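Next come two complexes, and both contain chain A; in the first it sits with chain B, in the second with chain C.
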Partner chain A sequence: MSKTNDSQAPRTRKPGNRNGLADFKSDIHALFDDRSMNLLVTVFVIVAAVLFIALPDFRTAANFNSMALQISDLGIMALAMTVSMIAAGIDLSVVAVANLSGIIGIQVMTSMGGVDSSPTAALFGVLVMLATGTLLGLINGMLVGLLRIPPILATLATMTLWGGVGTAATNGVSISGASRSLTDLGNIAIFSIPVPTLVFILAVILVWLFLAHTSTGVKTYLYGSNAKASLFSGVNNATLMIKVYTFCGLLSSLAGVVILMRTLSASPTYGSSYVLLAILVAVLGGVSVTGGSGRVTGVVVSLITLQMLSTGFNMLLVGHGNSNFFKSFAWGLFLLLIVWLGYMQDHGFGFKPHRGTSTNTAGIAAKKPTAPATPTSHAKAG
Partner chain B sequence: MRTIQQRFKRTARTQEAILLLVIAIVVTLLTAANPSFMTISNIFDILRIMTVSGMMALSCLLIMISGGVDVSFPAVADAAAFAGATILLQAHFNGSGLVLFLTAIPLGMLMGAINGFFVGWFRIPTMIVTLGTQSLFYGASLYFLGGVSIFELPQGTKDLAQKALITVDSGSGTSSLGPLFLVLVIMAIGVSLLLHRTSFGRSIYALGGNEMVVERSGINIRLRYLCLYSLAGAISAIAGAANATIYRNANPVGLQGQEMGIIAAVVLGGALITGGKGSVTGTLLGVLLIAIIQNSLVLVGIPSTWQNVVIGIVLAAGIAIPAVRHLIDARNKTEVLI
Partner chain C sequence: MAEPLVSLCNIRKEFAGVVALDDVSVTINKGQVCCLAGENGSGKSTLIKVLSGMYRPEHGTIEVDGHVYESFTPADAIRSGFQFIYQDFSLLPNLSVAENIAFGELVASGGFLYSVQRARTIAQRALSRINFHVDVDAPAGELTLAERQLVAIAAALAKDARLIVMDEATTALSRKEVEQLLAIIEDLRSQGVSTLFVSHKLDEVVSISDHTIVLRNGTKVADRPAEGMNRAELINAMTGKDVAMNHVSEPISADAPIALEVSHVSRPHCFSDVSFQLHEGEILGVTGLLGSGRDTLALALFGLLPITEGTISIYGERVSIRNPRDAMKHGIGYVPADRLTEGLFLDHSIASNVAIRTIKQIRNAIGLVTRGAIVRTGQDWVDRLHIKTPNVANPVSGLSGGNQQRVVLAKWLSGKPRILILNGPTVGVDIKSKSEILDQLREFAADGMAVIVISDDIPELLDVSNRIMLMRSGSIAAIRERKDITESNLNELLVEQ
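Let's look at the complex of A and B:
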């Protein structure tokens, strides 16, 4: 087996068998081959440049600090959404899981001494929150994997249910009482990066490792692009779905921890627009809406772009009506624009009828004109 | 004899029959717990709650049968009614209550057509498109038209709100049911006829079953999607105008956040979220069950904060039970499950 693998080494590179500079070059090349990524980076650079030049308030350290804080909780939820969308599903319950685990965490910390409780109590509370998220994710995973309920439906039900449990537990109001040793972390910066942002960076690394460096991650991509092929190549789809949604639940509860750090409270109705925003971030970041493709880099770039736009709107629209309403309008427009551009990239700028569901294959074929020559040369040699 | 038995078995296993049974049990329990549940005024209250959500559910059902999950119908309803009321206010119109509906419907159709355009032309999943347009419609109506409810509705609208279709004189006073419930009944019959008696309706089921086959059979599916989503938009707009009429103000976010409850009702009613299956009867029964839960939990001493827990449990059960049944059926046939 290993011999056949070695003979294919130039094509299927293994992580342990890297070829230094050549691999690095091909990595860079692969990065620029991704056309949706190129579009995204272009948008990012333009938005950043315009805001830098036009708004003096934008290029202050205080603003960057506040932007870094603001992306942290939405960012982690967007990562959870990304993972579920790569698996050709969707996790609508991310916000509900984050809020419910926050509520449970606060109740645990309150019972252990409230605001003045010890760091141990805070740590225990955080662990309980993460365990809650994992358990709720596991329930999603079992509904999707074992009962074969479409993810959108399963997570719709759990979203309603956990939202309802949160409302029932708090009477619908926001509760506080999280340990100060946890909430103080929200104001601390390490190497001038706020701690919530560090948690987000940790989540980014975690998701990147999961997707790119574990066999479960690779199987997730396979399942997302073709569940039947995944089954027939020996993947246990049910177990895979349980793993994927459990991971999403864990990430959601991590977002709940960050919300606690930032807002010092938990509420069953916090961040109700975050489901849309998380999907927007993922789609804008190049995650395919039909599953099977998407990468963490794109999601991070799209998250920062959206946050810059949001901050820019806030600064520009002072005194011109409610900027939140305008943002809602702009996000909707942005999402439609991005999916339209993505479609146009795949199908060409025209209104010809198209059949079937083609993805990026057209783009890859255009980039490598030498590819069709290889089979012929093989045939001649044979 | 056997055929009758078989037919009975088949009917008894449909989602509608199960739902009817569940509603009967819930109603019996509620009446046993609190006799005031079965009073005519409470029943009218439930039907009033049902009016607007039933109309939105019809819109949601049409899209779901075609294989999409629409989350923008509350936004379409609110934006159409709010923009319509704004136009009437600007024009100082003070006539018939029907005009609000007639202004809202084209606006709703336009918004539906935007959804349909993106779904039909770009083959983007409905859920993604409508998440975007929901945000777009709410944002546009709030930012460009101002976020303040309009209470100065035309005189005709105010009159319509006070009209009664049926008035029943019970001991403690009169309770009445407005004419808009009749509109829901007419719309339900209309949608049912459309789905089962027209080729357009059959093609909606076909789109949800297998889009490719519909295309190969020579139907212009882009146009079908455009028409279907425009129709759904028009129905949502009627729901929005009805909501404004019943509550006597055009609130730009009056129905916000109701989409999940309505989708839950439609799914409970037996519609497949992946498309190709769904009925008007089932949908209305689903809406009725949710309306009973929303209206009556307080009557039996369950705090209103528990409402979503109960709805969530009902929804989870309504999804999980057919899924388990399907799984067992499939296992008996030793099918390969994908």
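Let's look at the complex of A and C:
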């Protein structure tokens, strides 16, 4: 049934003929032409409104500051996860790379004077951390691109490996000694935005530019949707994977810098639950688990929504001691809700079977049929 | 004798206001081989899905063995003995042949334990009905396409099929394999099994059927015994107009520059000692059975299966093609055989599908790619190749086969290739789009592009080529000017051993 397009008169939409502003406008429009995005934004608004009204503590500047700080490291890792998932892969080593680059960064700064070392030493330490992340990402990229190891296995192996290296280097304990010039930044706000949050915003912009506006980013989406067609289109798939995972590694080490700023220390076991949380954030943000689609805006909205839920539950349950359990509970339920709503949006509400059939219940896991085209584009980026 | 098995009466089916089937009535008799022909989008697939119970028509009834169904479910279809074989053959690649065939019966019998022995027995019984010998313990995924096709038929028979529906079942098969399949259908007819055969390939439609049904734009335009219906009449019925496919291209002048010269190239297990020249502006048709080396030769020229011996020269310059980037650098483009898995990014927009080739060239002053630039590239090619779509931002999956194929073409043309290799450029494309695509190929050639068309479709090759090259067991069996060859010559050459 692919006739729908043929039978319509070709109402050709003339694209704007100017570059620059017109293109920018169409990019902004593209942000809102997607139904899964609308669903997420709706849920975001509802959650925000309820918390605003119900909890006086929630609508304070101090709380916003604290939330903004808390999303920064997980947020950057979720962005790295997003990039790898759009390329139909996954990067399980995000946390391990962040931790190992933190450990190496602290050792470099310690050797240059420790806590009291100069701003230059701090800057050098940060550069070493980013270089470490880039190198570790490059290794992932070569395992995936050149040796063709499936990403889930390659990054599972490197995750374990870097965890082991970190443990050996620190005897498994948390180490400190980062330059004060760096860690002080964790408490400073510029234009009332905490510096770690600014780093996160920088990462958002970087990833958005990469995915939506570089040729490598466009190829990443297409590769994620069909790696074979990408090969037959003359894309160098191996180089593409190297670029993608190297970028993920760089982002992970940026998360490592933020962790240093916030916790003043590095540890091989810090944030071990963040890997799965990063996947949760990405999936909630509309990143396809099979690759080829997903955008930065969705991931940011999903991240903020989850943080609001978590903060809200903490406030509600102050003194009950069990808020962590409730946080996981709420997040899990929230994921199910979003996935269910998304499914219902595509297939109609209620429990009636698919249109025109009376026994087909097996379509849940199946991809949507390729026939009649939805009016929205699935191919947008960003 | 002519006892009806199933009758679809006055079926009407709409999708979001678009009428896919309008008052279509079809009867299939017991033991009858029926052909359902029609262009893409004529309603063939919809009709089949109504017959399988997947779609419930807005209007009309289905009558099986005298029982009238108001709502016909997939379970009803299976109980009635309707079995469907689609292009992808619906086999489970990791299970053995025996398991694939016996699957239905073992599930239906509800036994708790699985018996390998029983699966084998069921499989052997079904395979013997079509006289096909294959290792029943081999995983289905390791078989050739043709073998898988036969296993799928055996699986249908094991489920006591009374009607086997084959949807474009011959698309992936070579000519010889098609002939084998047709013989089996003949045989099944004598066993009282009906077949509904859905095909684009007109030769098959003409040769096999007792009865021919033609759909056009959702209505039935022909329904009559196949005897006495010739090819031209069929085309007429399908398209509503005469499409001439009898173009004879003149040989290219010997003075034209040689765009591609392949000399003594080999690759173990693929092809050996192949030499030919391709002139600027020439269309070289290449055919041969599956495994004759024609596909691997194309992949070699595109750098996916690099040659191990011999030389390739482009416009006199000797080149080394180790990967697709080398090929593209030297101006070679390749339109792959399987549009859906190799050619397209189905969920992505028409514009992105076209723009991937030139994505680096459409970056703006600061090196960034904008959505507007992608849309403009897409729109440009949609206009040039007359791709029918309201919006280039729509996913390419929503286009008809012919328009999808033009998207793949556009992707390659945007890179301005000097040499374009097309593998099966009109597979699964309706007659009208097909003749348009062939016209476009002739235009490109006239503009100086050198073109290689690989195809199983002999009339198509004859229509478009200046010269035709026949491959057999990895070598060139013959190269002839178009004007020196006829359809029957070529068919004889093809099956000669």
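Note that the second predicted complex is superposed on the first by the 305 of 382 C-alpha atoms of A that agree within 3 Å, B and C clash if a C-alpha of one lies under 4 Å from a C-alpha of the other, contacts with A are read in each partner's own complex, and residues count from 1 in each chain.
Criterion: a contact is a pair of C-beta atoms (placed from the backbone, for glycine too) under 8 Å apart; a residue touches a chain by one contact, two chains touch by 3 or more.
No experiment lies behind these values; they were computed from the predicted model shown.
Trainee: Kindly classify A:293 by the partners it touches after superposition: chain B alone (first), chain C alone (second), both, or neither?
Mentor: A:293 sits against chain C, while chain B stays out of touch.
Trainee: Using the touch definition from the top, say if A:164 reaches chain B (first), chain C (second), both or neither.
Mentor: first
Trainee: Touching A:231 in the superposition: chain B (first), chain C (second), both, neither?
Mentor: Both partners, chain B and chain C.
Trainee: With both complexes superposed on chain A, which partner does A:221 reach: first (chain B), second (chain C), both or neither?
Mentor: Touch status of A:221: second partner only.
Trainee: For A:213, is the partner it touches chain B (first), chain C (second), both, or none of the two (neither)?
Mentor: Only chain C; A:213 stays clear of chain B.
Trainee: For A:192, decide between first (touching chain B), second (touching chain C), both and neither.
Mentor: Once the two structures are laid over each other on A, A:192 reaches no partner at all.
Trainee: Starting from the residues of chain A touching chain B, keep only those that also touch chain C in the other complex, and list them.
Mentor: Chain A residues touching both partners: 228, 231, 357.
Trainee: How about chain A: which of its residues touch chain B in the complex?
Mentor: 90, 143, 147-150, 152-154, 156-165, 167-168, 171-172, 227-228, 231, 237, 272-273, 275-276, 279-280, 283, 289-290, 321-322, 325-336, 339-340, 343, 351, 355, 357
Trainee: Using the touch rule from the top, collect the residues of chain B that touch chain A in their complex.
Mentor: 69, 118, 121-125, 127-129, 131-140, 142-144, 147, 212, 215, 257, 260-261, 263-264, 267, 273-274, 303, 305-313, 315-316, 319-320, 323-324, 326-327, 336-338
Trainee: For the complex, which residues does chain C have touching chain A?
Mentor: 15-16, 18, 20, 40-43, 45-46, 53-56, 71, 73-75, 304, 323-325, 327-328, 334, 336, 341-349, 351-353, 355-357, 359-360, 363-364, 367-376, 379, 382-383, 388-395, 397-401, 403, 411, 415
Trainee: Which bits of chain A are touching chain C when the two form their complex?
Mentor: Of all residues in chain A, those touching chain C are 1-17, 19-20, 22-24, 26-27, 30, 209, 212-215, 217-219, 221-222, 225-226, 228-236, 292-293, 356-360, 370-375, 377-381.
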